[in-house]
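Going in written order, the chains are labelled A, B, C and D, and every chain counts its residues from 1.
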Amino acid sequence: MADQIPLVDYLVLGDSPHLVANECTNCGARYFDRRNACASCSGLTFTKADIVTDGEVRAFTIVTPWMPGTAPYVPAVIDCGGTSVRANIVNTEPDDQHVTLGMKVRLTTFPIGTDTAGTEAVGYGFEPAN
Amino acid sequence: MANDDIWILGINMTKFGKHPNEDVVDLASEAALAALADAGVTMADMGVLAAGNLMGAAAGIGQQLQKQIGQTGIPVFNVANACATGATAIRTVIMAIKSGECDMGLAVGVEKLSGAGMLGAGMGAAASDEWTPSGRFGAVSGLEGKLGTDMMPGVFAQVGMEYGHKYGGTSFELFARISAKNHSNSTLNPLAAIQKDMTFEQIMAEPMIAYPNTRAMCSANSDGAAAAVLISGEKLRTLSKEQQRRAVKVSASVLTSDPYEEGCQILPNVNTLTRNAARQAYELAGIGPEDLDLVELHDCFATAELVHYDNLMLCPEGGAVDFFESGAPFRTGSTPVNVSGGLESKGHPIAATGIANIWEICHHLRGEAGPRQIEGAKVGLAHVIGLGSACGVHILEKSGL
Amino acid sequence: MANDDIWILGINMTKFGKHPNEDVVDLASEAALAALADAGVTMADMGVLAAGNLMGAAAGIGQQLQKQIGQTGIPVFNVANACATGATAIRTVIMAIKSGECDMGLAVGVEKLSGAGMLGAGMGAAASDEWTPSGRFGAVSGLEGKLGTDMMPGVFAQVGMEYGHKYGGTSFELFARISAKNHSNSTLNPLAAIQKDMTFEQIMAEPMIAYPNTRAMCSANSDGAAAAVLISGEKLRTLSKEQQRRAVKVSASVLTSDPYEEGCQILPNVNTLTRNAARQAYELAGIGPEDLDLVELHDCFATAELVHYDNLMLCPEGGAVDFFESGAPFRTGSTPVNVSGGLESKGHPIAATGIANIWEICHHLRGEAGPRQIEGAKVGLAHVIGLGSACGVHILEKSGL
Amino acid sequence: MADQIPLVDYLVLGDSPHLVANECTNCGARYFDRRNACASCSGLTFTKADIVTDGEVRAFTIVTPWMPGTAPYVPAVIDCGGTSVRANIVNTEPDDQHVTLGMKVRLTTFPIGTDTAGTEAVGYGFEPAN
């Protein structure tokens, strides 16, 4: 099996792929990016917090790309146990019959390409849980 | 010495739309000279200039403009706040006057966008030969389309959907009907980029950009400029009766940014900063939403208009759908919203937008809005929001002088 | 309610130079958090934020910074004024305080430039297949190098040559000796991008960029950030004795643009707007040039330093060469100029520069400048100029509290 | 002879090449660019004013281009009878022996290239008058 690298550094691969956030030790605010301080309380220390992989769709859209022949994609905000996560809804038809507000979803990962060194980049999305 | 009493003495907007033969300085000059003429003053009377041009934010549009219409040596502030850039220019001039540094100033916003494609519709970074994590997410690839979207149409679509999820009652058709209201209003505005009436069925049949917003439900990229001359009340009272009569009182001028809330760095929260700005503005002006005779709000997308009914407290919390269904925001309703046609049809030359919406309100308060006049308008509110985020709210009142 | 009494409560600059592993937000965060710590306050105390990042002027550095160090919902002004961007951020915060809108605010300037090549060293437009007049000169080709130059090194070289033509006494060697003074000063400044002492012969032997400025006589492109916390005097008096003692009084804060004069659209006139700013600043502060214990002026090129001796009225009109030859602007002289090393050695991260020069002055007025301390410094002046043009002058005084 | 086009529209070609400015009818300020109004007095009307072709060097520099092998050029400000003009000093060595402050110069024109339609673009500079 090829070497793998996550699309973003807050995606942990392996047997139980999941997301990990930087959690402010003072106020508990969670962030997925590299931090200088806390936007909520200006705190300077963070711990790592695993994010649950089950969630609920709080908002979504279906983007029709400008390039003809490119498939629509479904950006969404997923509520994962109280932490908002951003991702596409995948593994279902990109229409408002198959994607609905409040639907239950779960994290899934998938390859997004392989570089010249043979390393496979792996992204994540959320798929219907039922 | 502070001047808490601020007025708009003159204001102008160019026709929005395609201006292939004018550059940004031409457009800014046209609006600025017309605003000065409207005010009955000249560049020599100005004590400060604040200007914005987002696409050329590093290029000093203020000084470029001075070099065409009057280099008088006054302080120039080039400002940028995304779609709230024009409102920020006005705020800056108002602060200069309030701080006692001058008694009159000019605010200008200008943009050339026609042919620029959908706002924020950029593609991600090109793939490199070897995956290399970079940036604050350690991303090995551009994330647009792979992990949601940063493009405006998708962001504001989700903003509307999130409201629907929270309070219910929204649908594709509802958003199309909001858009139809604005397109209908635009037929009365000769300065609008698009003046075509459209039914909600026609709007729904337009190409989908980001569900539930079709092309007709997105703000139209346009060229245009707008400019305003601000003055202290003390100075205004030394001018002619006619100038005093046409002046419009700035009862509140507020700028906010988005405070931290859970999820705000996942999907921009355009609600709380608007609500904060509105609350501050109502308090400063000593009026409530029920006193407003008209509102120009930032309908960069049809989905945005809905949430701002609520954010500006034009309705009870969660009541935006009912507010729309009641007919309140129509021209004939109790709180006409976007009688100019809104960004969806009037156009959205980014840095000009935050002054153009104030121009629309002034036009009505002065009784000069012609066929689209809201009769007897005495108080209006202009709202603008730029992602990032910045929100500007101005409450304006008819002169009693 | 106006506060005419404004103070700097805390201020910081990062090391200038190469920061390959930090992005602009990292640098801005470092300076802002350190300025807040220096002030003994937090983001929660700030009532306004003004920020500048010229290379990313449209991207909203203010809000990007908030999202890292504190989203408190306060108004954010993103400003741009070429090399005077940092001073404009400070001026904006001061206006917000003077106008009574808040009692404390944060100003930040940041830039990443290392590896960017010589500032303004752009090439003209590419030739098209058929000559097509375009732009305000109806030019059929890029004009750089064909009709003079718009690049900073050439522009400021001509500024110095023009002074020489008008008053005499200048030479290649003179300008090199001015540069040698600053490079010598830089050896005492650990935050300078380049801390290498250089003789005027070494400087003259460096590659010529634009006669009479060699590479060592040009400002060094650098990465860096600087930030300041401003406060009203009324609020300051409620804080601790230590905070009051270390606070620095802003006796004057002035921003000007270039007034029209013959030739000013041919070669930027950097003189009159500086003279106007200085005159206003001296009047506001109630002091004269003879009262200054040190000056940080905008030596973007060695030729620029000479003319600003005159523009800031440190010498009689036309007397800049004599002023330099007298030894006055050396560390040991009567009016030390650029004891930090100046832009030629300290570095010039554009939007940070107009705050970093104020930091240098504050450092001395607080008696915290270590080995390069100008003993007993009580009053200093910080000057910055950006082409376009904008000039910022701040006069600062040691706290008497 | 090929068709000619001036490098900039304020350069008049023909038997007596010269520059032409937009002169404010109110205050006399002169500009070489397309105008919206007057930067000096905000006046809105302009007439054309021919600029004298003799002048004096008020400032100059010698720019060493970054691209190796490219010749230095000599940007200057020329005082042409009280109107400042911007151009390169040409037809002399680009050094501080041959170019001096106060030197007398005169306008000269020269081809800068020919496009695919055969049209020759003509630029201008100032050369030593003696």
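Details
We take it that a residue touches a chain if its C-beta (ideal position, glycine included) is under 8 Å from a C-beta of that chain, and two chains touch if they have at least 3 such contacts.
Bear in mind the structure is a predicted one, so any value in this text is a computation, not a measurement.
Of all the chains, the one whose CA centre sits at the greatest distance from that of chain C is A.
Of the two chain pairs examined here, A-C and A-B, it is A-B that is joined by more C-beta pairs in contact. Distance between chain centres (mean CA atoms), chain A to chain B: 33 Å. Here the spacing of chain B and chain D, counted between their Cα centres, is 43 Å.
Residues of chain A found to touch two or more other chains are 39-40. Multi-chain contact residues, meaning those touching two or more other chains, occur in chain B at positions 25, 66-67, 70-71, 136, 260, 265. Contact between chains, using the touch rule, shows up for A-B, A-C, B-C, B-D, C-D. Within the complex formed with chain C, the residues of chain A that make contact are 35-42, 44.
Remark: chain C residues 25-26, 29-30, 33, 42-44, 66-71 touch chain A in the complex. Considering their complex, residues 1-2, 4, 23, 25, 49, 54-55, 57-58, 60, 62-64, 66-67, 70-82, 88, 91-92, 94-96, 98-101, 135-136, 254-260, 264-265, 272-273, 276, 386, 388-390 of chain B touch chain C. The touching residues of chain B, counted against chain A in their complex, run 117-118, 121, 127-131, 133, 136-141, 143, 145-149, 151, 153-154, 157-159, 161-162, 164-165, 172, 207-212, 260, 262-263, 265-267. Against chain C, the residues of chain D that register as touching in their complex are 5-10, 29-34, 39-40, 57-66, 73, 75-77, 82-88, 96, 101-102, 112-113, 115-117, 119, 121, 123-124.
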